[in-house]
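Both complexes shown next keep chain A, but they swap its partner, so chain B is in the first and chain C is in the second.
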Partner chain A sequence: MTALPADTIHDHSASNLGRTFASHTGPIDLSPANTTVPKSWANGPMLLLLALGLLCLGATAYAGWSAEDAKGLKHAVLSYHVGVMAVTTMMLGSLVLVMISRAVQAGWSTTFRRQSENVAALMPLLALFLLPYLFFAPKVWKWMLPESKGDFLLLAKSWYLNEPFLAGRIIFYVLVFCFFAYKQFTLSRQQDITGDKALTNKAQFWAMPGLLFFALSAAFFSFDLIMSMDFHWFSTMFGVYFFAGSILSGVALVILITAILRASGRLKGLITREHYHDLGKLLIGFTIFWAYIAFSQYFLIWYANIPEETAWMLVRTNNGWQNVGLVIILGHFVLPFLILLFRSVKTKMRILVLLACWQLLMHVVDLFWQIRPITFMTYDSGNPVSAGKVGLAWVDFTGIIGPVAIFAAGIIFMVRRSPLIPIKDPRLSEALNHKNYV
Partner chain B sequence: MSSTTTITGTPNAGTAQGTYGIIAEFPDPATTFHAAEVVRDAGYAKWDVYSPFPIHGIDEAMGIKPNKLPLMVGLLGLTGAALGFAFQFFVRTDYAIVHQGKPASAWQVLVPVTFEFGVIFTAFSALLGMLAFNALPMWFHPLLKKERFLRVSDDRFIIAVEAKDAKFDPEQTKQLLLHAGATRVETVSDE
Partner chain C sequence: MSVLRPDESAARELAGLQQPLASAVPWDPATGDGTLVNDPAQRAPLVLGNRDFHSITETVCGYVEKGPGRWWNPAFLIAAHVAGLMPLMIIYLIITGVGVWGLNNQVDWAWDITNFVFWIGIGHAGTLISAILCLLKQKWRTSINRAAEAMTIFAVICAGTFPGIHIGRVWMAWMLAPVPNSNAIWSNFSSPLLWDVFAVSTYATVSLLFWYMGMIPDFATLRDRAALRLGLNPAGGQRLPIINVSVDMIRARVYGFLSMGWRFSTRHWINYEKAYLMLAGISTPLVLSVHSIVSFDFATSVIPGWHTTIFPPYFVAGAIFGGFAMVLLLIIPSRELCPGMKDIVTRRHLENMAKIILLTGMMVGFAYAMEFFIAAYSGNKFETDVFVYNRLMPPFLADTLGGGRYAPYWWAYWAMIFCNVVTPQVFWFKRGRQSIPVIFAVAFFVTIGMWFERFVIIVTSLHRAFLPGEWHMFFPTLVDILTFVGSIGTFLTLYLLFMRFLPQFAMSEIKAVMPQANPHAHGHDHHTHDDHHAGGTHAATKHSPNTPTTGGEA
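So, the complex of A and B:
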């Protein structure tokens, strides 16, 4: 156990004024036993997750392939789409969390930032997951079908909604996300080796354009990948709605990953009760933000009562889909909000991790509610009329679990490749001494 | 340390009228921190630590318990939300007016006002509760008349024990603070 020399601890308290205080973080252990995992760590679970993911993807592909009608194929495709969007939002949430903490020179987040960087660095997975879309794009985007071509709204939007432009935009989004995730990850990793303080400034420099590009790219990504699936419908709030779900799942994911690492005996004294208290505050904050945005979107559509806007909500609040919506309102907002209000919950790791897992699950349900009703949608002159009875088939599970399990295996792969914390970050001591004074 | 100590003020002033309490000067935050632990363990209740900058962990050293403000704010926030809801609910049932073609039973319209009432009650109860718990605004404080006390905004650390405290005894309290490392102990009048 190597203790950090006292003079490297940037501490405003009196601990280096001759008499020592009882440390609230305990002895600081930066030895490899605490800050790294072996190269073969969690090999079993990783391979199991990878196998499960591939198996589920295979099953989904088989379900789509062997489907008797077009609806069966569409069902498989849209289930997969929900899974891919779930993975994407988690990666985007992690990326924006890293860039925000870099942009505002956050010190307290240093010890868990690496885990978010790892998740964001998996961004190339998005390109991989989007490749199969080349084969079934018209199943996702109805406007590509020949029967939609004469639609007057599509004619008006055709300068934007056309295949070459869409392909170009998606390539642009993926490149933007990958580039900024790569920048943040490599700059942080270089500092592990060189300890050069200038790299911190460089990471901050790249976070600024990163946030700007992210804001626009993520919003238009959601317009293109989810909103335009029903091209009659539009909501200017949708990008923010997508972002709110992303950052909420990003916070929940970093709580989950660090908790697993702590349970395996790492990060002792590096990510403390104090960090979880603040992550818990972020979790409740973005839970409220998500609910606020979700209701704002719903309320304006309800109030304005314009047919092409309300149709989207109507089909999702009928035929049993309203129960899914109710589960989301209660499960994604009311319940976590009331529980997370209490400080004792935010500082108790077990309940916090449970709530983080719950919010991740609810986030997937939220995406399911947005995307999956389109499968059995019937239309009248281009406007959605009914989403059909709500129901689940096994392909819904395999389609979602497939990408998510591969993503989880990817996280394990990334976690063991580098130290669990940015070991030579100049702001590390700030994070080690982090404490809530409330 | 005690060789450099000077004690001024009226000895054995007791808890007589006119005494605010005792102030003890400390040279550095570490000594102050440990002195606070001593005063806490001696069982004093009406006392405070003054410092030019925040001393990390002083809350625990002073034995300050989490206050009731969050609970109060939470309850008042919920009261506000309930009030905002009830307000609209009774207006809508007693004076139902159809507007914008919305059904009279629509719950959606109730949400914004309920939310805003909750937020406003939360914000105001937090602000006013904070002021009330801190006994603010306070126009006069005896300590501010003490020339030496003003150095807490510069380079001194001071523990002030009030005469109102049940355990307060002019001589014993002084000795306690000197043993805890005070470099100077003074009595403060409450005028």
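So, the complex of A and C:
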């Protein structure tokens, strides 16, 4: 074997070193200038987002109110439903991300964990967003309509699908989500002040039952809020599918929030290229996981080909809805998967942030594909026959942007209230020293 | 003997260990061997006993050179005898016909496929530990990955046997492969059973490569140590009886062949690390794909209890669950029986594995609950009937709850629930997951439970078709049982051979996670951020890839 010229080898290792350590040259800056934002930070954007959100909600409400027929009202309601589910999944994804990193005693995630905690702590918004459902519940849940009451399958399911039980369940889910989000947030905030190491163990302690309750609540939440909209259909995978989308959007969201904070001159040296590299790995990991779950669900239904299961898929793969499905397959999986495979992409913040935004958008499209076809659905003895054309209208945008914009304003509000990182976390040094070593 | 340690000073020098080290971690009743620390500012040490790099080499190579202990010979003898049952039963099966099994017209998949899924599931923990935990940078995996990978290979060997012998006409086994024959009969590419052949053989290939590649540096160490002893003392040393050949000569030749010219050069290590990362990347989807496809074998069929969309992730979680239980069943006795192993496999390692058992056990429990709920929610009477009257309803509740009907396999179902869902719950409590006898007992129950899970899925769904005329019970015959017992013997025999002749730990990886690999560490303390991280550069040495320090070994 001919020996390589010495400088070739040298160059190779030098470029490796340069890549790995470029972000770790200066001293770590934990001063308030780097770890907090002023109380009035981003006031303009926050108010703008709030105004936009309220305007959109108002427009959606107006569209529903002034609709000439029941379909028009349903269109507005379901668009809003997509928006609420998008916000909920982002909050749930952030919550589960926090609880997982607590449960496994993660060190590297310490510097960005606060941002996920902030998002999860917005959970009471869910209660607020769900309140209007009291007025239009039968538009979301067909089984509440009087004409569905005699349905053979509904009779078989009435032990589960009845109004009081559903209300009780939803209250329970919201309480569970809010309680565990509140626990994680307050324990972390307390540590900012006291620096008590025991609080870390306490947060870990609460993360364990939190994950247990979360798994069951999130699964049944998805059954109740999305799956049972078409009460004939069922899939044991649906809860996992919902979870996969949630955690993917949770990772994408934390990439986005921290990138905005870095762009505004904060978190220098605290969330580094190394963190983004690993967050990028999580992003591609959960992208693959989502695709795996989505594929398994679709594939098993397609292969077994039982009418009671395929109906749900059929109406979503006809009349133009198959194009939405294709956008999801290519946009939510194939494209980001192929791009994120490259290490150079995961370590380049701009592309990574772009992909995170893209995945959030695709996540909304995924929810849109699940929920919105019901608007113009026609049924034959309770079985969905056709979802009609996609029929995109401005109300689709206002219905989704409304809750999302208010949620975004809420994030800005939360970000300003506490330090950007848990400044006294005992594992902070691990996160500050985080390296990928390759 | 010091002449046999030419590398020690070099290793010390490279690692900056000229100074005598601080005292060893003392035994503390609160933290066990010192690894069960509860302080969030501190990470538990991964190797105990204040060892230097050389003593790791001595310990790990010692298992091969001196043997893992006196217990090995009788253990091997027993295991090999039990293993002999397997070929015996298979030959009996082939010369007599599948009638020797308890199969009937209704239940044509029973013990064979249960055993197949059971063993293939066990194999998953190895790949999970070596690939997924590697990508997740879980350093504690270094102490158990080699044993788990070996276990994977042996479990896949046991698993692969069963589909081959259950096809009835064993001489037609080649039809499993997509070989076109003269009549242009091709294999059925739309059958998950065929995908299974591809999935399992891919899995076996990649796992074998992963396992073998990881062992190459350790083979080279064994080779060099043998060669060194031969060079120092050509006439002495142990010799084989009858043929009178030096054992070290055989070692130098065989391990030399297996190490493929490994010379510990930095260039070798760079390639090794890259290849390792790539294999980890390739193996990770395999962990998911293999058992997903095994689950497709069932879930694509329109059979109540089989066709449910949650099957793929549910099977994967179950596989990891059962696999980790088996790792614990093997590693806990090894740790007691092999000298010095407690320093490498600490209490913390066992606790971590107990936590994974709890996690995956809850995932499996979640899947059971989802299946049940959706069966009830779907309003599908057949689905509900399978769950309630084929699986759940015990005879003593038949009159009060079951309307006089009970599930004939209720005992299998409740054994599964008890073993898989109930027993791991003790790991919620620190006292449970930190007690070695408790961990061992739970791992034992989980292994039984995961076997029953596959039995429940396969047999309870098959034994009653849609018409009562097609209802038949399945009971295993002695041949069924002894074939399975024989596969356990085969598995243990192979594992014992591994313990005796192959390096049980990846020495270089263990050395890289030792406190001594970090010359800047003071004891095991992680300092708070105030006095730490003045500059980032020291991290370069802190976790430098295991290259130069271990390169000089042997």
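Here is the rule we go by: the second predicted complex is superposed on the first by the 414 of 438 C-alpha atoms of A that agree within 3 Å, B and C clash if a C-alpha of one lies under 4 Å from a C-alpha of the other, contacts with A are read in each partner's own complex, and residues count from 1 in each chain.
What we mean here is this: contacts are C-beta pairs under 8 Å (C-beta built on N, C-alpha and C of every residue); 3 or more make two chains touch, one makes a residue touch a chain.
Keep in mind the model is a prediction, meaning the values are calculated, not measured.
J.: Figure out whether A:246 sits in contact with chain B (first) or chain C (second), or with both, or with neither.
T.: neither
J.: Looking at the overlay, does A:343 come into contact with chain B only (first), chain C only (second), both, or neither?
T.: A:343: touches chain B, not chain C.
J.: Touching A:375 in the superposition: chain B (first), chain C (second), both, neither?
T.: Neither partner.
J.: Kindly classify A:435 by the partners it touches after superposition: chain B alone (first), chain C alone (second), both, or neither?
T.: A:435 contacts both chain B and chain C.
J.: Just to be sure I read the superposition right, which of the two partners does A:28 touch: chain B = first, chain C = second, or both, or neither?
T.: In the superposition, A:28 contacts chain C only.
J.: According to the stated criteria, A:116 is in contact with first (chain B), second (chain C), both, or neither; which is it?
T.: So A:116 meets neither chain B nor chain C here.
J.: By the touch definition at the top of the document, which applies to A:212: first (chain B), second (chain C), both, or neither?
T.: Touch status of A:212: second partner only.
J.: More chain A residues touched by chain B or by chain C?
T.: C
J.: Could you pull out which residues of chain A sit against chain B in one structure and against chain C in the other?
T.: 17, 21, 24, 299, 303, 305, 433, 435, 437
J.: Residue numbers of chain A touching chain C in their complex, please.
T.: Chain A residues touching chain C: 9, 17, 21, 24-25, 27-28, 30, 105, 107, 152-153, 156-157, 160, 197, 200-201, 204, 208, 212, 215-216, 219, 223, 234-240, 281, 288, 292-293, 296-297, 299-301, 303-306, 308, 426-430, 432-433, 435, 437-438.
J.: Within the complex, which stretch of chain A touches chain B?
T.: Touching chain B from chain A are residues 11-14, 17-19, 21-22, 24, 295, 298-299, 302-303, 305, 341, 343, 433, 435, 437.
J.: Taking the complex as given, what residues does chain B use to touch chain A?
T.: Counting only chain B, the residues touching chain A are 28-31, 33-34, 53-57, 59, 66, 70, 74, 100-102, 108, 111-112.
J.: Flag every residue of chain C that touches chain A in the complex, lowest number first.
T.: The touching residues are 38-41, 43, 135, 267, 273, 277, 285, 288, 292, 296, 299-302, 307-313, 362, 366-367, 369-371, 374, 376-380, 428, 526-529, 532-537, 539-540, 543-545.
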